[in-house]
Amino acid sequence: MATVPLLRDEEAGAAALAVFDDIRAKRQTDYVNNFWRALAHDPATLKATWERAQAVMAPGALDPLVKELIYIAVSTANGCDYCVHSHTAAAKARGMTPAMHGELLAVIAMAAQTNALATALSVPVDDRFKA
Amino acid sequence: MATVPLLRDEEAGAAALAVFDDIRAKRQTDYVNNFWRALAHDPATLKATWERAQAVMAPGALDPLVKELIYIAVSTANGCDYCVHSHTAAAKARGMTPAMHGELLAVIAMAAQTNALATALSVPVDDRFKA
Amino acid sequence: MATVPLLRDEEAGAAALAVFDDIRAKRQTDYVNNFWRALAHDPATLKATWERAQAVMAPGALDPLVKELIYIAVSTANGCDYCVHSHTAAAKARGMTPAMHGELLAVIAMAAQTNALATALSVPVDDRFKA
Amino acid sequence: MATVPLLRDEEAGAAALAVFDDIRAKRQTDYVNNFWRALAHDPATLKATWERAQAVMAPGALDPLVKELIYIAVSTANGCDYCVHSHTAAAKARGMTPAMHGELLAVIAMAAQTNALATALSVPVDDRFKA
Amino acid sequence: MATVPLLRDEEAGAAALAVFDDIRAKRQTDYVNNFWRALAHDPATLKATWERAQAVMAPGALDPLVKELIYIAVSTANGCDYCVHSHTAAAKARGMTPAMHGELLAVIAMAAQTNALATALSVPVDDRFKA
Amino acid sequence: MATVPLLRDEEAGAAALAVFDDIRAKRQTDYVNNFWRALAHDPATLKATWERAQAVMAPGALDPLVKELIYIAVSTANGCDYCVHSHTAAAKARGMTPAMHGELLAVIAMAAQTNALATALSVPVDDRFKA
């Protein structure tokens, strides 16, 4: 249960509704997911987050699917269950296969364990790794 | 400064040295980085970690460069400075361009901020995101 | 579902019950929330936690509402859903308005993203920021 | 040592330099701190981060000093040493006294410990804490 | 709800089923818990994780119960609710008493708070603590 | 470099000095480590932290060495370099052998990786693991 009520369309103000409409248009779906409905209490943050997300997740030097895999990795390390779910769904929609999902999780788990080892050992950074 | 001394070749036992030799052969370099020299105090974990890392990071459904980007993402979220450095270097060696690096960081930052928002709002997972 | 049963008044020992009574008296309510009922299995930690919490959260150089905002920020970064809920409720009870809540979340999200960027870039601390 | 070189003014491109100039003008100082010099490799993220930071940290329903305290709290929980240093300096510049600093740290520590207890006990959220 | 369906025996492939059988034989129970059923989509990671877990958690210089306490501590700090539950159950099965559980939580909470204080203060490591 | 100056004996106030003296007496050493010298700016938190630490780390249902191992585990997961160093030194002083250190790190790494897998898979808690 959220710490704020999720706003239905008829409860959202004009500024929030404009973002909902843009989400619908850009994604070509009527569905607006819970994250945006919770954020709608603060239309300024809603708009800034949605606009920045579009810019960041657009095709560029990295493929949108690769960006979704990175998003899942960060969300997992930060323990955000909502984000793990929403971006796993987004990655599948962009073509993530079960084999890719499996390898993604194996890399996340490998990193988590070597992160822990390097931290517990407080390994000094090799000179050759410094920019 | 590490919580254990980094082992030079002449200080490492036979089991650890065998792993050092394999690292050198597989990577075609004489250089063994500090992480493995710190782990060498425990040859069983050294060997298990090195072998699992090779299996996990090998080409498969995901490209090795993509795997390095995911590794950087997890290491950043976990705050492992050593790992951020070593895998940023590894990603560059595998072809990560400055533009790719920039987009990687933008996605990591985007995920970190929406992770925080979703957690502070405790947004319930949409039914359609559940497997 | 907790990893231990929540103790009702009639299940709690005398030492735990004394803390429950103090919670009721200080907060002027009959309600003892789940956190304390779970902690009641270890009356020493229950008592130490409750007493320290009162000392720390009391008015001082910082206003109690400001302290609640800080509490929400830490709880969000640590991913503690229970704490996010209980301290969001506490902050509202102390006067947090929706506008303040929105700004709090915007700052938390801003910090989360620049934390990630600074860590991924391993930015060295400027001399002028050192005490 | 950063994972990228810090860009001096003469190494930064025009877009990054324009942000540096805006930082100098808004802060009324010649000094541009290391975070922005590291971010300057990606002028789009540099500009987006600087502009969002100004909007988020401006006076509003919460005082700018309170926002800095929240920033320190998040940065501490996320283990970002650079951010802890830069925002502790910023908070002092905005009037944080040693007494306020002490109380801030006491609240952060209190939250950290109850976050851990609530997580280890997996305490279910009380109905009355739900929005 | 998991991000992948939990595989029942009749849905798992031969490689995954062989691991399920080994789990049953080693633990002398018919029950295979959800973690392994979710991992079964990727039999290679399932097998590697199960085999490494057995090696790591076996009696050695540290007692298996002590290893379970350490596992709970890490899982708590990482905010993994599933792991907190499964390893609290495992620790109880290995003889963790309520008094031990209480002391474990008190140490976890103590560490969490001093971790936060040391990070917020950025305390430099004493020379005598370096290896 | 700390965010506050470390206080030498002659700079500390009477209340902080009394804690320093107690640390010296209880530990039977003249050395007061940096953590306490940084905390000395806030004598109330210094005293509360020192007193709670003594109560929590005392022999009880768990051995003091086991408590130090748990402390290292939490400090690693929280990424606190100072705490990893100080408690690794404390554990060695209490009898942690290299073999024990190696097994501790192997368990920490194992937990870190299964924490990540369980979170990325969002595995639902088995009914039998609930209290």
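Order of writing sets the chain letters: A, B, C, D, E and F. Residues in each chain are counted from 1.
In this section, a residue touches a chain if its C-beta (ideal position, glycine included) is under 8 Å from a C-beta of that chain, and two chains touch if they have at least 3 such contacts.
None of these values were measured; they are calculated from a predicted model.
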item	value
Interface residue overlap between copies subunit D and subunit E, same or different (over half shared)	same
Distance between chain centroids, defined by C-alpha means - subunit D, subunit F (Å)	26
Distance from subunit F to subunit A - Cα centre to Cα centre, in angstrom	34
Where subunit C and subunit F are represented by their mean Cα positions, the distance between them in whole Å	21
Subunit D, residues touching no fewer than two other chains	1-4, 44-45, 49, 52, 74, 76-81, 84-85, 88, 102, 104-106, 108-117, 119-122, 125, 130
Overall pattern in which the protein chains touch one another (line/ring/star/complete/other)	complete
For the subunit D and subunit F complex, residues of the former touching the latter	79, 84-85, 88, 98, 101-102, 105-106, 109, 116
Complex interface listing, subunit B residues touching subunit A	1-4, 6, 31, 33-35, 38-39, 45, 49, 52-53, 56-57, 60-62, 66-67, 69-71, 73-83, 85-89, 97, 99-100, 102-104, 106-126, 128-130
Subunit B partner contacts - residues on subunit D that touch it in the complex	3-4, 41-42, 44-45, 49, 74, 78-80
Subunit D partner contacts - residues on subunit A that touch it in the complex	1-5, 44, 48, 52, 55, 125, 130-131
Subunit C partner contacts - residues on subunit B that touch it in the complex	72, 76-77, 79, 81, 84-85, 104-105, 108-117, 119-122
